[in-house]
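For reference, the structures are reproduced in the following blocks.
Here come two complexes built around subunit A, the first alongside subunit B, the second alongside subunit C.
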Partner chain A sequence: MGTSFGRGGATSFQQDWQNSDCILIEGSNLAECHPVGFQWIMEAKARGATLIHVDPRYTRTSALADIHVPLRVGSDIAFLGGIINYVVEHEAYFEDYVRLFTNGPSLVSEDFKDTEDLGGIFSGLDEEQRSYDPLTWQYEGEEVGAASGQREQLYEERNEEEGGEKSSGHRPSVASSGRGESHGSGGAAAHPNAVRDETMQHPRCVFQIVKRHFARYTPEMVEQVCGVPRDLFVKVCQTLVDNSGRERTSAIAYAVGWTQHSVGVQYIRTAAILQLLLGNIGRPGGGIMAMRGHASIQGSTDIPTLYNLLPGYIPMPHAHQDDDLEAFLKGVSTDKGYWSDMKGYLVSLLKAWWGPAATEENDFCFDYLPKLTGSHSTYETVMAQLDGKCKGYFVVGENPAVGSANAKMQRLGMANLDWLVVRDFGLIESATWWKDGPEIESGELRTQDIATEVFFFPAAAHTEKNGSFTNTQRMLQWHHAAVEPAGDARSELWFYYHLGRVIREKLSGSTDEMDAPLLDLQWDYPTEGTVAEPSADAVLAEINGWDADGRPLASYEQLNADGSTVCGCWIYCGVFTDGTNQAARRKPAREQSSVAPEWGWAWPANRRIIYNRASADENGKPWSQRKAYVWWDEEQSKWVGHDVPDFDPSKSPWHRPPAGSRGAEALSGEDAFVMQADGKAWLYAPAGLTDGPLPTHYEPQDSPFENLLYDQQRNPVRQVFARRHNRYHPNPGTRGSEAFPYPITTYRLTEHHTAGGMSRWQPYLSELQPEMFCEVSPELAEERELVHRGWATIITARGVIEARVMVTERMAPLLVQGRLVHQIGLPYHWGTNGYSKGDSANELTAISLDPNSHIQEVKALSGDIRPGRRPRGSAANDLVEDYIRRAGITSDTGMEVRGDH
Partner chain B sequence: MVKSVCPYCAVGCGQNVFVKDERVVHIEGDPDSPVSRGRLCPKGSASLQLTTGETRRLEVLYRAPYASDWEVIDLDTAMDMVAERVLRTRREFWQWDVEGKRVRRTMGIASLGGATLDNEENYLMKKLYTALGAIQIENQARI
Partner chain C sequence: MTTNPFAQLLEDADPATAAGWTDHPPRVGFFTDTSVCIGCKACEVACKEWNHVPEDGLRFTGMSYDNTIGLGADTWRHVAFIEQEKRIGRQVTGAATSDGDRGDDDDGHAVRWLMSSDVCKHCTHAACLDVCPTGALFRTEFGTVVVQEDICNGCGYCIPACPYGVIDQRRGDGRAWKCTLCYDRLGVGAEPACAKACPTNSIQFGVLDELRERADRRLAQLHDAGIGDARLYGRDPEDGVGGDGAFFLLLDEPEVYGLPPDPVVTTRDLPQMWRRTASAAVLLAGLVGASFLRRTR
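Right after this comes the complex of A and B.
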């Protein structure tokens, strides 16, 4: 969403669903996974809204929907692309909105070649590098930086233009950087005025390119690719169209059912394009909600424990020759929109970290930041562990031995470490694999041969520490410590603060340049209580920041680039306004408006619906009274309404920036997408993505079906790893592919939490969902002699698991490409420890990744199923080897860049 | 009673945590919350077991190289041992340059996790790791 709109957060808030006229849930089982949030969808339904659920399975969400559309796993881009085609063909798009707020009228370079021209790929593909050079995707005559995503794509060009020597051969390989596109917050570089054709008729304008690109996504094609009958598909299209426009709005909600694919980011892009064409962004009852599974997964992206980002979506710098702060900023920031102030955000962050040591003369310690040289995501890290290049590992409230793709490789990586630190409530699988993991059972590893030192530290619970979570709607909520943690249990705040303290003590007096960033680090937090817990309030105050006089800042607009302000995360600036913890605000819902602005605090600047300038027309009037949200008040000469305007409050809708303006000044009164390089939402992404400016249907890495839409089977730039334990399945139609005939998908249940660390040890939850199972249709049960409540064995080229069989009509077979297809559903919560045990679905999954987000494809794979329990001991591996042999799988299988084979 | 937030999913339901004699005795939905209006799902409702259940470990455990079982060790000792190892591995895998370009980092140390933690905790983690020169810092946003 970062690339489309400028910020990677959900565009709206859960309560706002009650204002929707239609809600499309796809890639999410919201009633099951976010049950309490789902109440707002039921509110909408009670008010007459139509609920559509598109999902391979008939779930708790489908049961409450007006329309359930079963589709084949991994075919969502074809489905949504079909809706886009329908909307465009029937001229059902919201034309004024599209012209005003999107880049539909903008002209694209003559050098750009679409998948229509090149048989399923875009111009710029470098087959050897497995990556695209995105230069030809730019607008005509100018270069636009992306608000998020691959922001360093243009680093070399930009720093060369100024007459500098070109420092090295070519741009950082696109496949190798990765900018957390799925969650970014952006605003990027661009000339304020793209060449535009306001009639949107020019053959090279974005709108026409989009129209041509999706023309082949016809209802007939959708039927063939997705297995969705034409009538049902058209009904969905018409329902969305009927519930969008001036008077009505539709919302879309998704979850990891969309992100966990080798084209996952483009799934979300397809939804973004659709919502923009229908005029549903920035308006009440509209938007796209990303439903996240962990309490603070949004927060851990905003303040990222992610390799490619610094707090507030500032990119981590890549290594370049003679890099310095100015060159870095030139490469990644923008001329227009709020990203042009990136220097202020970054310098204030460097001041928060290195205090007085960070000075104008030394580039504010920019050199202290370690530099990237490619992708260093968790999956590359596993490869580095296997190769002996990464020897120490902290696992903190996560359980990769169960929850990450290819669980075996996760464990083998850990078995190759010098030391491992696991912090959790109990002995999760990632802490005990060396004594009781599947490789011990199979004899592949012997405990007495494993050199890894393992530390287990008990973690404190949320009731034992102060701190804030950022929920799925960008809202920070503070939780207060009720008691101190017992025994040796400690918070992560405690652990990292004291670890840093001990490390700094050990290094004190060191004059080694290598240690300077640690010794200069600002690390004096007050501690409290009997365990010397650092003050979470003090940390939040630093995140918020203060001015030269130490006064808490109220807004990121106060941040300076001269080192006079301190701010640990610019998008959270304002959460400690007036020295008060805004995240701890708890004015009861009944005492305030339905937007509830005084409950917690949402970034940016406490806005609950972002891009809300788009809720009003070119004259600043609401598109309709029914959907009024913020509007221009002539008398007061400012934007007013139900929420904090996501716009300069005093900038009139008719404002046109003087020539030569920069930054926020360069935004016109119509530029509602204030973080974007051109102030517009992007139907077409001229920059920022690694795998194309438009979404394109490619088949999953492991798919039993050929790509009917193009000669190109898979995303050409997906990340794949030819490793012994990470074999891919043969292409459909080739020899051996029949060994893995069934599409498989993975999912979650209400009663368990992700990899189980917080649920399989709880008696209530374990009793509610006691063991691993698989869901199959009665037809598949008959075909493979599977018995309800009996056992089944499921096999891929990576592993074999067993599961209890649940035969259910909820798994309806679909007619795809003239073939009846049976899909298999697998919850992924289980492992060998805890009260509730079972095999892990991730024993079956491969590491194949989306090239933008580096998220693994575990929502669509293929495999085989047979009755009975799996073999034990080494016989289990023998069975997998047997399949690999029969299918003729080698290290080359599924590794191609181009073509259908 | 203290105000809290459910630690499971990102809906962010409000919780009221009841304390008696310095022990958490009850957790229920917060009716004041505009998001959850007092409701909790089965996971949120199991928070009392999560926080006070007997499966929680309260000791630091250490498994020595090649050992067949855990031993209990003292927290301060463990902290010191981890700090030693961090410094050793950091130095062993230190890089000033890669292909002639300055990187100032260590590739020896990685970290995984963050989405179940507080913002303040993620902040200290990123700050300390960056100062150490460790870049392979990741969390559940990738899964």
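Right after this comes the complex of A and C.
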């Protein structure tokens, strides 16, 4: 969404669903995974909205839907692309909106070649490097933005693997190390003043390119690829069209059912294009909600736990390329929009970290920042562990031995470390694999041979600490400690603060240059209580920032590039306005408007629907009274409405910037997407993505079906790793592919939390879903002699698990490419420890990643199922080996770039 | 059918008034609207947390997502999951059938998933209360029925008395347990834990008369929406238990949810039985007396 709109957060808020006329939930099981938020879907339904649920399974969400569309796992781009085609073909798009607010009229470079021209790939593919050079995707214009097209050719030898096996991590390019994701707030660079054809008729304008690109996504094709009957598909299209436009709006909600694919980011891009064509962004009852899977997942990208980002989506500098502050800023700022003020944001951050040590003369300690030498995503870290390059590992609030793709490799990686720190409530599988993991049972590992020193630290619960959660709608909500943590349990804040304090004490007096970044750190938070808990309020105050006189800042527009302001995260600037914790506000709904601006605090600037300038037309008038939200008030000469305008409040709709303007000044009164380099929402992404400017349906890495839409089977630049324990399945139709005939998907249940660390130890939750099970249709049960409540064994080239059998009509067989296909559903909560135990679905999943986000493809894979319990001990591995042999799988299987089928 | 003299006795009386409470708050209860239940089971967990009800076993039942099975001493809220090859109202779902066809009609694969959170009904005429010899079960000022755990002696009379099979003896403890409608929360003006936790307002707590009105409106709305099977259960004060304090909106026959279709307070015939016993005793005594009279003569 960052690439499409300018910020990588949900565009709206859950309470706003009550204003929707139609809600499409796809790639999300909202009722089960977000039951509290689902109340607003129910509110919308009560007000007459139509609820559509598109999901391979009939879930608790489907049970409440007006329309449920079962589809084949991994086919969502074909489905959504089909809707786009329908909307364009039937001229049902919101033309004024598209012309005004999107890059539909912008012309694209003559050098660009679409999948239509090149048989399923875009121009710029470097097969050797497994990456695209996005240079040809740019707008027609003079020169391209500097952020894209950069490439790090050094350190080629860095990732060479032992045993001569191939890997897409081989010869890493820094471009692939996540610049595509660095647009959480601020789009990718592009030419700010592209040549435009306002009639949108020019063959090289974005709108025409989009039209041609999706022309082959016909209802017939959708039926063949997705297994969705034509009439049902058309009904979905028409429902969305009927509920979009001036008078009506439709919302889309998704979750990891979209992100966890080897082409996941493009799933979301497809939804973005659709919502822009229908005119549903920035308007009440519209938008795209990214439903996050944990309490503060949005927060963990805003103030990131990601290797490639600094707070507020400022990209992490790259070694050998971003030599100094100026060079770095030149590479990542834009000429137009708020991203052009990045220097102020970054310098204020450096001042927050290094305080008086950060001066103009020393580039504000820019050199102290670590620099990237390649991709260091979680899965590449596992590879580095296996290769003996990564020696230590912190596992905090995560259970990779159960919850990450290819659980075996996660454990083998940890078995190859010098030290491992695990912080959790209890002894999760990631803390005990060395004595009771599956590899100990099978004899692959022996405890006495494992050299990893494992440290376990009990963690405090959120009720035992102060702090904030940033929820799915970018809203910070403060929680107060009810009690101090018991025993040795401590908060993360306590752990890292005191860890830093002790390290700094040990280093004190050191003159080694390497220690300077640590010794110069501002590390002086006040502590409180019997356990010396650092003050979370003090941390929030620093995140918000202050001016030269120490007064709390109110807005990121106050940030200076001269070192006079301090701000730990520019997008959170304002959360401590007036020295008050705005995130702790809890004014009841009945005492304020339905937008509830005084409940918590949302970034940016407490806006609840972002890009809300788009709720008004070219003259600043609401598109309709029914959907009025923010509008231009002629008398007051400013933008007013129900929310904080996401626009310069005094900039009139007719404002045209003088030539040569820069930054926010360069935005016109129609540039509603203020973070974008051209002020427009992107139907077509001329930069910012590693796998193409337009979404294209590719089959999952492991799929029993050929790609009917193109000759290209898979995303050519997906990240794949040919490792001994990470074998892929043969291409459909080739020898051995019939060994893994069934599509499989993984998911969560309401009763458990992700990898189970917070739920499988709880008797009250465990009794509600006590055992690992698989969901299959009655037809598949008959085909494979599976008995309801009995056991089934499920096998892939990575592993084998057993599960209780749940035969249910809710798993509907689909007719795909003339073949009746049965899908298998697997919850992924279980592991060997805890009160409720079971095999983990991630024993089956492979590490194949989206090239933008490096997120694993665990929502669509293939496998085999047979009745009965799995073999024990080493016999389990023998069974997997037998399948690998029978399917003829080698290190080359599934590794193709131009993988033809 | 003869009128139930027991019901007649209390017909006009509020159960709390009938139980001797004066100046009591209005009768409260639950209206559980199963048409908006999403089966999250938050009610089950909140109930157990608040009332310290023990976990009662890890069983994979295979009864859809219901691993709790039913109400009992250790389950005071229970969410039933019912999978049916039927359509809900005008819902559209689509998939191929096993022969590759989409079926006879255009709407394809018909499936629906009913969810319903069950609870003690807090009957107007509560048999459990009638038979309790110790007074452990009592009618509260809110019109609800509560077991006092420090008085219950575990005699178990209440268990067969309940027409819904709700109240139950706890194994290893012996005493009878059931939903208290969070009596300890009502006293401080808080709503019961299950209603508080319910995210979609499927469980609505309030003054019973208001809940009944709300339920009537909701039923009419569903009928208008083409969900003709929707019905209220336990709402009618004229039914066999004098109406439930906790009543439901169901989308199918009560039996589908494991509820008795026509529950009757099991102590309904007790007064009549006692009257007959009494007249029999009087008659017997008269006969015996008469025989003595004859003798002395």
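Miscellaneous remarks
One rule holds for everything that comes next: the second predicted complex is superposed on the first by the 854 of 901 C-alpha atoms of A that agree within 3 Å, B and C clash if a C-alpha of one lies under 4 Å from a C-alpha of the other, contacts with A are read in each partner's own complex, and residues count from 1 in each chain.
By our rule, a residue touches a chain if its C-beta (ideal position, glycine included) is under 8 Å from a C-beta of that chain, and two chains touch if they have at least 3 such contacts.
Please read these numbers as outputs of a predicted model, since none were measured by experiment.
By the document's definition of touching, of the two partners only subunit C reaches A:231; subunit B does not.
When the shared chain is aligned, subunit B and subunit C each come close enough to touch A:39. Within the superposed three-chain model, A:313 lies out of touch with both subunit B and subunit C [touch as defined at top]. Residue contacts after overlaying the shared chain place A:79 against neither subunit B nor subunit C. By the touch criterion stated above, A:812 is placed in contact with subunit C alone, subunit B being left untouched. Among subunit B and subunit C, the chain that touches a larger number of residues in subunit A is B.
Contacts of A:588 after superposition on the shared chain: subunit B is touched, whereas subunit C is not. Looking at the shared chain after the overlay, A:139 reaches neither subunit B nor subunit C. Judged by the touch definition given at the top, the superposed model places A:765 against both subunit B and subunit C. In the overlay built on the shared chain, the residue A:435 is in contact with subunit B alone; subunit C does not reach it. Residues 35-36, 39, 750-751, 763-765, 768, 835 of subunit A touch subunit B in one complex and subunit C in the other. Interface residues of subunit B, counted against subunit A in their complex, comprise 2-15, 17, 19, 22-24, 27, 30-37, 39-47, 49-51, 53, 55-70, 75, 78-87, 89, 91-94, 98-128, 130-143. Residue ranges of subunit C in contact with subunit A, taken from their complex: 36, 38-42, 44-45, 48-49, 55-62, 64-65, 67-68, 83, 85, 88, 90-98, 100, 102, 106, 108-109, 111-115, 199-201.
By the touch criterion given at the top, residues 31-32, 35-36, 38-39, 42, 58, 60-70, 227-229, 231-232, 235, 749-751, 763-771, 773, 778-779, 788-789, 804, 806, 808-810, 812-815, 820, 835-836 of subunit A touch subunit C in their complex.
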